[in-house]
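Here chain A shows up in two complexes: once beside chain B, once beside chain C.
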Partner chain A sequence: METSNPYFSPFVLPFVLGAIFLLGICVWKFVRWFKHFDRLQRAIIRKNLLSWKIIPALWEMFREGILHVRIWRKNLMLGYMHSSIALGWFMLILVGFIESHMTPASSHPFWMAIFYRFFITTHQTFPGAQVLTFIMELMLIYVLSGILLAVVKKIYSRILGMKKTTKHILIDRFAKAFLWLIFPLRLLSEVLAASRFQNGGFFTGFLGDLIPPSNEYFLLLSWTLYSCALCGFFVTLPFSRYMHIFSELLLIYFRKMGVREKSERTGYTMYELNACSRCGMCIDNCPLNKELGHNDVQSVYFLRNLRQKKSPIRVADDCLMCQRCASDCPVNIDLMAIRQQERNKHEMDTADNYGYLDTVQPFNAIGRVGYFGGCMSHLTPGVPEAMKAIFEAAGQKYWYMDEDRTMCCGRPLLQQGFNRQAADLRRKLTEMINKSKITMLITSCPICYQSFKKEYKLRIPVIHHTEYIAMLLKTGRIKVRKDDVRTVYHDPCELGRGCGIYKEPREVLKATTHLVKAKQEKEDSLCCGINLGDTLLDIDQQTLIRNAAFQNLMYKHPDQIATACPMCKKAFAHASEFPVKDIAEIVRENLK
Partner chain B sequence: MSVNFGYSIAPTRAINYDNCDFSKLHELEQAVPSFKRCINCGACTATCSAQQFTSFNIRKIKTLCMDGQYESLGKELKKCMLCGKCTLVCPRGLALRPIIMTMRKIFVTK
Partner chain C sequence: MKKIAIIGAGPAGIEAASILASHDCEVQLFEKSADTLSNITDKAFLFPDFSSAQELANKLNSQLLNDKIKVILNTEIVDIKKDNDDFKIIDRDGKTYVADKVLITTGYNVFDAHRKEELGYGIYKGVITSLDMERMIRHKQITNSIGEEPEKVVFLQCVGSRDEKSGNHYCSKVCCVTAVKQAIEVRKQLPKAQIYVFYMDLRMWGQGFEELYREAQEKYDIRFVRGRISEASATFDSRVQIKSEDTLIGQPLKMTTDLLVLMVGMEPSKGTRTLAENCGIAGPYKFIASEGPHTNDNNTATEGIFVAGTAKRPMSIRDTLTDATAAALEMLK
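This part shows the complex of A and B:
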């Protein structure tokens, strides 16, 4: 090498320019998004910027950004594939950096780590060099095996346990092609270098021995192509799905600081949109995809539409809001909140429409608990009846708030983006509850429960009736006997994934019946189809979704279905030949 | 000159279909085809949460809509709380929430 710097060759230029471009674009984007954080979010970050919260944040960045633990838990093969590329590449960069800086040299330009074997042609440069070489070779094999799996997944995804994979757009395909080229080209370059300089490790050295020593032209050509592949990847990265590599890390940091989504789009949403790697894990379990073949509304496509600044209203609306995708998302993006933001945009009218509710007279119920059945419980009269019997058995004075007529809690309106109307209903119900002076609010409908818990600002505790019954059983205020009817429990979306109530219903059922498992349950349970989130489906489509959920429950051939939501009960009642009961009804039957 | 006869004649309630604009009805029927299945049984109205407080009447809305009488619909539709009880009781399986949402889009003027 005749250049002034012994560690420079023209072929490093594409890599260096690409890296500078990537850095510039990323910094520009991240700063721009950060400027769009709202005041509260910024205050949170300022407060926690250098607090102890950094430690769990860094740990999660490493665990999810590099190791991909959540994907490992879902699916071993996918976990291996994703982590091999992330961890393997990270290690190649890290160990390469150490290696180049341990080498005694006049200067250590940053590209030296990437093109190390081209510039350092001897073996014994510093003590321990062989250990690092060994790690580098191992990591290269690790990454290559991951790329191989990715190619297999592209050809036949079922081998890796995915029925459908994301349909990618052109820029993503380009970026992926560059990514897939980088590592085979690196291998080729290092093998050619090893055959010429004898500086390979156990793997490249072995392969290098198999071929005759390469001439300088092939060697330069191969390293140039390697550099160009890196450049191509870096240039396409900020505009493709691979932007998730950096966005995800920052997202995890902000999330750990305590930043959350707002009701409209902020800079934080931009981090979330870009943190989606379009892995497609949200597609397979989406009921709309599986049962109805709506294959362009899943969260991956929804987020991509938003990133490309085109969002057909139909895509935002065509969603059950069952949150199944959110439980599958390995990045834990707040998918429901983002969809809600889009729905909030098509608010239509602003007038106060519910003046007629003023006729409701406040009721004085000091010292009693309030029971709110919800609209749907009027269609399943057995549920409020059972609750009345349980209140009486426990000697609890109660006030059945909506015995004659029900005000809606406002959540169905909220989900369709009618925020002001929902706020009207909330104000009226809050007034009614505050004036009645009840000590606790018990609801039978998980939709109302989530609404009261998250959207209302009530000063009294709000619990679902399954929690209440579990509490009564624990404190011994009611006594039940155990029958041996094989019962399966259906987790309602709003109660389970929505509010995280999985334990209490199961405790109650274990005390009263013989509980058997469903095929997919808890976070992975399926929506019954009548969910109020979607206003585009008709009854036939809902029935298809319900049938799938029903089949899921039939896994262990139970004799009875238990649920904790009047709507789920209504849904399954039409599908099932044997009884579908609410937990309250089962408890009432088994009261001692 | 008006003469007071001690009684008056109510304006006619006959609807001249020739003067009616059915384009909005067709728009609705196209958006939600199940609308055509309705048999006017009134189960939706009987169970309606809003109807328990006020004179909101889905069946009447449907009838007005079929007759091309759209004037009062916007005001009426705003009373719906979207709770979805009507969808569960409908014996003909109409997608009532989609119908109400589409009607809101078509008839509720800003």
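This part shows the complex of A and C:
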């Protein structure tokens, strides 16, 4: 063999075998998961497989899989760390491949790029050779600096702005150890080669000159260890968190094609589970971690449990569904949908009876808008009362759908996994809305809003009352005065992170009062704690979470809290004697 | 001669002041309002005997006619500091007074019913609190939201007490019997009205209370329903619709009423909370903590600072006066 191929030495074997193993396992896994896509998901992929969507998909794969732009945005140091390892390594492979293929040689086996300096012992003179060597040296330094940061993070995470990092399991630690060894060993091997053959670049060459020429024994040993480290990493990769490297790329691709999570777990979910890098960015801001010290329920652990096929229902259920982690997750995994899948109580019969809804008379509301207060607004009658006054002031005819009878939109049931019951309610309410012929549905409760918008398939527009009021103000249908009460706005989870409504509430408040900032706002706002997402918490625990959110709002010493969710309103109203109002109430007070 | 400061001129403060003065102490009695006994003169008649609140107030006020007692009105005390052997009493404007010993009798405030928005207080005119009802009884003007004589009156117990959502797990102790008292008063003024009391359980702990409750049913035709009211809403004719459940027969229940009276519980007053915190003697719910459950119930963790009355926990007037007497004797030791 040696005679037939001068670019072979037995030490490449661990690398080659490891790479083949890795490829085999990945293909096997990816195909198996793909087979578990449901019909609709597969149809979407078939339709878009080679459409123009592929271009944004590739771009995003590069942006997020290699450059990690979202992590950069959240945290510069972490962004540097993640991208140095990913981009640096990617470049080493890419440029190494080009370098080895441009080198005049009798053959170009694929491992040549990996062990280039061992096999190519002379300085090359093909055009651009020096540039390529320079890039290779630079990239090696880049990766090593990232590894150094990772080691620092392991010892003292706060330097990198993280209070808590993920508690890793054994396989992840092994994989990480191999990963951390690869690049120092590569450096050592190249330096030893440089000292012997004088084939180093500016960095390895400089280091090589500092030591005496190495003997062949050390040289071989070092390159063998380097190859073994690669092999170790490849073999552990598919079973460790590093499976995210490939899964994330495919996930991005599928997502860009338009595939989404379903109410049950599918093959797509498997891609999501495996795309989690266990970076731990979902830990620090989780209120359950911060306020209650529940430290095994965060998304990173929840997903890992699922991947390991052990998912205690307690972990699935102990979550506020506040979506803070979802907004922090750099991989954009649909964490809430997966949580909900695991909560599915399937056919559990709750003996609930929504028969009373059948007795609601169909109402002919042609030419009116529909108003849906929701169960929660029945506990904050000030909100629907304010809305009535606003409708009146705008000269808008309306139909208050659930004025006499409380009707649930079904979302709280859905969140707790009672899918069948929620579907029953949706069917009944849809029927009622269709029969009424209203032209638009306005809701006061963000939970109902999200439900009508995403879970129902209504043919009319659904808007939240803050959007509606903003529209009335813009079109001049209502006129308001501006008072000078210093008001802070609390972003409700379901309205903000849930539906992306941040602008309208602020517009309305700016028109009516003196808006001041909270410490953390918009995507970063804090959950009020008294919500329906987590049924395992007792009132004292909810109160601790609420108090933290309250403190967050007190940042600029406001005189009143404004919110746009009846539940948040109640949460803060119980906090103290501090005035808490819904935006609708503030507008009503300031109507001209 | 001992120099004593008493903070809060309610029943507790006045009773203690008069006892201490008769034992040759020099008493400074601070009151934040323009007048004493604000939490008595806002009532009409008192349980258990329907005696007049104003008469009791007059009687208590007459005890203050003593040159050893100096009543200092319009003075809100915000802090008490130990200064060698003395205490420095500091008011809102930063003015300080000196005393050897201090008695805190800053009392209670009623629970702010706005905080239970689902009951519609401040939103529907037909929803009032027990304090509003006291005023209506006093002025003999029990009217509904449009100024007419109500056909139906519903009382709701435990508003802001025994309620984990509002953060008050404790029982306010006086509201059950106050509801019975008020229901009887309403019956006396409105012979034809239907009167309901919604309760979780009725706590008729005092002498004569149980008899009063029985009389309310037998003689005054007041109906007691076991169940909490979950929400209130307005009807088109400005009445109040309530949703509840009769938990004795297990039936959900809807009812329309002219007046919904919320029996608001007792919370530590703002003064009580401020002093509890600033002096480091806060107990559960920011009432002031006394030292022992059985003995030393008028001492606090700070030697020289004593406490009496509803600044400590909910209690009736009789218990308050007894407690104030005990505190005065403790301070004379």
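Convention: the second predicted complex is superposed on the first by the 579 of 592 C-alpha atoms of A that agree within 3 Å, B and C clash if a C-alpha of one lies under 4 Å from a C-alpha of the other, contacts with A are read in each partner's own complex, and residues count from 1 in each chain.
By our rule, a contact is a pair of C-beta atoms (placed from the backbone, for glycine too) under 8 Å apart; a residue touches a chain by one contact, two chains touch by 3 or more.
On a predicted model such as this, the values are computed, not experimentally measured, just so you know.
Annotation for the three-chain superposition on chain A: chain B and chain C clash.
By the touch criterion stated above, A:Met81 is placed in contact with neither chain B nor chain C.
When both complexes are overlaid on chain A, the residue A:Leu379 reaches chain B and chain C alike.
Between chain B and chain C, more residues of chain A are touched by B.
Legend: residue contacts after superposition of the two complexes on their common chain; A:Arg405 is shown touching chain B, with no touch to chain C. Once the two complexes are laid over each other on the shared chain, residue contacts for A:Lys570 go to chain B and to chain C alike. When the two complexes are overlaid on their common chain A, residue A:Ile539 makes contact with chain B and with chain C alike. Touch criterion met: A:Tyr354 reaches chain B, while chain C stays clear of it.
In the superposition on chain A, A:Leu230 makes contact with neither chain B nor chain C. Annotation: chain A residues 378-379, 539, 570 touch chain B in one complex and chain C in the other. By the touch criterion stated above, chain A contacts chain C in their complex at residues 378-382, 385, 403, 539, 543, 569-570, 573-574, 577. Those residues of chain A that touch chain B in the complex are listed here as 348-349, 351, 353-354, 356-357, 359-360, 375-376, 378-379, 404-408, 410, 412-413, 416, 418, 421, 425, 530, 532, 535-540, 567, 570. Chain B makes touch with chain A in their complex at residues 32-34, 47, 49-50, 52-54, 78-79, 81-85, 87-90, 93-95, 97-98, 101, 104-105, 108, 110. Interface residues of chain C, counted against chain A in their complex, comprise 112, 114-115, 117-118, 120, 122-124, 164-167, 231-234.
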